[in-house]
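A, B, C, D, E and F are the chain letters, set down in written order, and residue numbers restart from 1 in every chain.
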Amino acid sequence: MERLNNLKRIPRTGWLLCNVSSSEVEDVAQHTFDVTAITLLLADELERQGKKIDQGRALSMAVVHDWAEASVGDFPYTALKYLGPAGTKKRVEKRALEDLFGKLPKREKYLALWQEYSEKRTPEANLVHAADYLSMLVQAVKYRERGNRSRELDELWRAVKKDLARYMKEFKPVRELVGELDKRYSA
Amino acid sequence: MERLNNLKRIPRTGWLLCNVSSSEVEDVAQHTFDVTAITLLLADELERQGKKIDQGRALSMAVVHDWAEASVGDFPYTALKYLGPAGTKKRVEKRALEDLFGKLPKREKYLALWQEYSEKRTPEANLVHAADYLSMLVQAVKYRERGNRSRELDELWRAVKKDLARYMKEFKPVRELVGELDKRYSA
Amino acid sequence: MERLNNLKRIPRTGWLLCNVSSSEVEDVAQHTFDVTAITLLLADELERQGKKIDQGRALSMAVVHDWAEASVGDFPYTALKYLGPAGTKKRVEKRALEDLFGKLPKREKYLALWQEYSEKRTPEANLVHAADYLSMLVQAVKYRERGNRSRELDELWRAVKKDLARYMKEFKPVRELVGELDKRYSA
Amino acid sequence: MERLNNLKRIPRTGWLLCNVSSSEVEDVAQHTFDVTAITLLLADELERQGKKIDQGRALSMAVVHDWAEASVGDFPYTALKYLGPAGTKKRVEKRALEDLFGKLPKREKYLALWQEYSEKRTPEANLVHAADYLSMLVQAVKYRERGNRSRELDELWRAVKKDLARYMKEFKPVRELVGELDKRYSA
Amino acid sequence: MERLNNLKRIPRTGWLLCNVSSSEVEDVAQHTFDVTAITLLLADELERQGKKIDQGRALSMAVVHDWAEASVGDFPYTALKYLGPAGTKKRVEKRALEDLFGKLPKREKYLALWQEYSEKRTPEANLVHAADYLSMLVQAVKYRERGNRSRELDELWRAVKKDLARYMKEFKPVRELVGELDKRYSA
Amino acid sequence: MERLNNLKRIPRTGWLLCNVSSSEVEDVAQHTFDVTAITLLLADELERQGKKIDQGRALSMAVVHDWAEASVGDFPYTALKYLGPAGTKKRVEKRALEDLFGKLPKREKYLALWQEYSEKRTPEANLVHAADYLSMLVQAVKYRERGNRSRELDELWRAVKKDLARYMKEFKPVRELVGELDKRYSA
């Protein structure tokens, strides 16, 4: 529980590379809050539209998805290509989680949640990924509105939207939200 | 969704009154992350001990419990006695939530969650309250470990433990955690 | 005296709602400095133009006008409509001030100053209100110059200018200053 | 008026030399707020004890006393001995103020206030000096309470108390306040 | 060695006067890092183009050039004209360095490095000056990209480019870099 | 050159894990400044004691030693064991540097400097490592003096001293400095 407190101090390095100052950078705890809240709102909207979502599992997955960063920090995306073969980051995070959960009776449950999230095969996992990317768009709009005009922010915006494409197809409300955020970012 | 982004900037005023600097003060988004994570961990532990908890509802409640602060901010506890008759704060928050949820199809669900949280009658509501208070103890330990020796922090510590008493009776793991945190705070 | 030190840590919540980061947000002590300095400059200019102003009283009022926030914080303006009938905020602040001044021999004087400020009936009270609003315009220009392009900042700008209208009629130098600031904000 | 906004960004360098982090350091605007508020409280207490104080002039002096720093910054006290013959700092500040007030009709009044403050010959000037030093003791207590145990903070504490000695003789309430703060600092 | 730690807390006041917030302002240690890194890169490029540079001396000079600020802070450029006759700032810094190096066996070496830097007569000294100014242009581009549109930043930009003119003549790579930065600033 | 500006925003994650707040955490640029300055002071002292050091190379190595972090960030030490076989971190950094230096004519020189630093075989490399560790002790003393009493800071202190052992044997002034810092940390 105390290790998780670290997440309030671990910055999301992607923003630092977009010339966001370290005093304004989002931390992992704030990010997770956003992802969890968006997961809840999306899950409800999807249910209203007839999709079946296991909300308890989706929310748990959102809460857990970045816990490894309490030990390994947030690798900047520019670091990924140097880490080694695809899947290295996942392996690193998995080992960190196994240690972090070491003594918890429910460790298998949390590892399974994280595994499900990483594999992107269930609607719940995809929902949380969509929420993860949406939270980045919202935050990017906020940084832009605050004045940020860096090339890197534009590149990040485009990259996130590309990653969102498959979830925009899968989930209608994601499609609508991205449309609105696009208008805000370009305003 | 964007309004919720405000919570990353709304400070938890209680700490400011304990001489925590504004550059180190926890914000509402970070706090909600803690509460949600602790709710998840406690819920699993309680289930292991045979208690029946609706995790989806408990987590949703944790996520939602401070959303009103996106509009009304975080009243310092020193403000409560000036607000008027008991229940004023709740009425203020309820009105704010009604506006915040104004257009959402699921507004009734969120209001009901918040209402359940406020009434402290279900195990899920009590669990989230316990998590809320536990997160304050963890954060107080962190501020103390960072050097804070203010009288106000000691008073807040005692007040939170008093508020926790009923949940310590209700939930065994809460009892154990408070014991450990007490040792850390007094170290 | 020590309670007033809190004001250095209480953020002015209005800016937070305009997407100003918590590391850049003005605090109540900084704001009061501005209001007091502007009050002094305006009072001198008005006297030069033949108006009679009791400077000692005007300055004392400026110094005192936000002391209640040491106990109750700075309600975001979005909170006001949820607080209850008009005048609720004043009642809350009055009770807080009565407690704050509890032991001071001169408590009645300070309460009277705050009361005079709240009632907006004397030239001194109006002068301090004008200084209060002008200080917000100056700060808004600074945030805008630093890059902030949020809709909320524009709305706040318009709202403050509306509140300033009656003081622009009453005080010529206020009229001139608003004109200059308007150019700066729109630049 | 806009130049004065700089004071919200000029740090009080003395604290930086006491190992206070730049994110926690008091700025000149916050300091001036403290000095002005303490001047008001002391002036009232002294009047109650029968001393005659021109409050308007004392408050104006408090507001104005650090305006030069908007142009020249806050020289660290460790810099003073390198600046040249005694009185160099005053000469520097005077020239800066003359420029700052360049176009103001009331420039002579402000220069006179600053001159009176610098000469420490009137009760009003002495009162503001006492408030200036008291505000440093209050802030030092706050830094200490937050954990600061640097040798430099202790040295600054002793140096400020030495500077306060003559005002403790002149003003009884100053004597009492220093006694209380001494207890707090040593706690 | 410990005194130098102060440089991590001494802000570069020039940026504060350009409406950069105190939470985003560069400090002297960060600035010195930039100057040293740019000195290294420039020295290598110049050597490749056939210029002879004593890299060890140039790097040492870059490291040392702002050490006086550990005692005297960073005078805002707006303060310079009030300091007295030309050369006052140098005299102040020299005395501060003499004290700072008081006990070091190599004090004469460091004073000589600083002296050489100040006199701008050797290629190494000029190189470090060029790096000093270039680092300011890079930082200005970063602040602009983050939203800053203050008149003062534009003025500083022009002033720095003027100071760079002689080094642009002397060093071809400086000329090229300024050209590129100019495009970035105006983008 | 601009990529290096990132280093002003990349936090040194080790401190974050010691409960240092993100607003007080040292960044890589500040750290490199310290290492370079200490390298210079140590090199001079060693030369005085008769050791032969190539100062230009040692200083260049100090400047360059953390440049990879502009792309890959600062891996928390708690992450190292999850990264894979020993040497993984070095491989990651090397690839990042190769990209970073991609177009520079002198890329081979910088890679060689970094390689020499990593292999710890020359007096210059060892000197920079000693300076690297010493800078951490100085910073830890500063955090402790500011109030930090975390177990993690104590552990880091011991770990750094262990890493310093071989350099304490090799360099007498390092031995003396560690002795002094030990007294300060335990005070």
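Criterion: contacts are C-beta pairs under 8 Å (C-beta built on N, C-alpha and C of every residue); 3 or more make two chains touch, one makes a residue touch a chain.
These figures come from a predicted structure and were not determined experimentally.
Listed by label, the chains touching subunit A and subunit F alike are B, E. Chains that count as touching both subunit D and subunit E, per the definition above, are C, F.
Distance between chain centres (mean CA atoms), subunit D to subunit F: 40 Å.
Inter-chain spacing, taken between the CA centroids of subunit B and subunit E, is 49 Å.
Our note on geometry: subunit C versus subunit D, Cα centroid distance of 23 Å, whole angstroms. Contacts with at least two other chains are made by residues 19-21, 23-24, 27, 142, 146-148 of subunit A.
Chain pairs that touch, as defined above: A-B, A-C, A-E, A-F, B-C, B-D, B-F, C-D, C-E, D-E, D-F, E-F. The touching residues of subunit F, counted against subunit D in their complex, run 21, 23-24, 142, 145-148. Those residues of subunit D whose C-beta lies close enough to touch subunit E in the complex are 6, 9-11, 13, 16-17, 19-23, 25, 27, 71-76, 78-79, 81-84, 88, 91-93, 95-96, 99. By the touch rule above, subunit F contacts subunit E in their complex via residues 1-2, 4-5, 7-8, 23, 26-27, 29-30, 32-34, 36-38, 40-41, 44-45, 48, 54-56, 59-60, 63-64, 104-106, 109, 134, 138-139, 141-142, 177.
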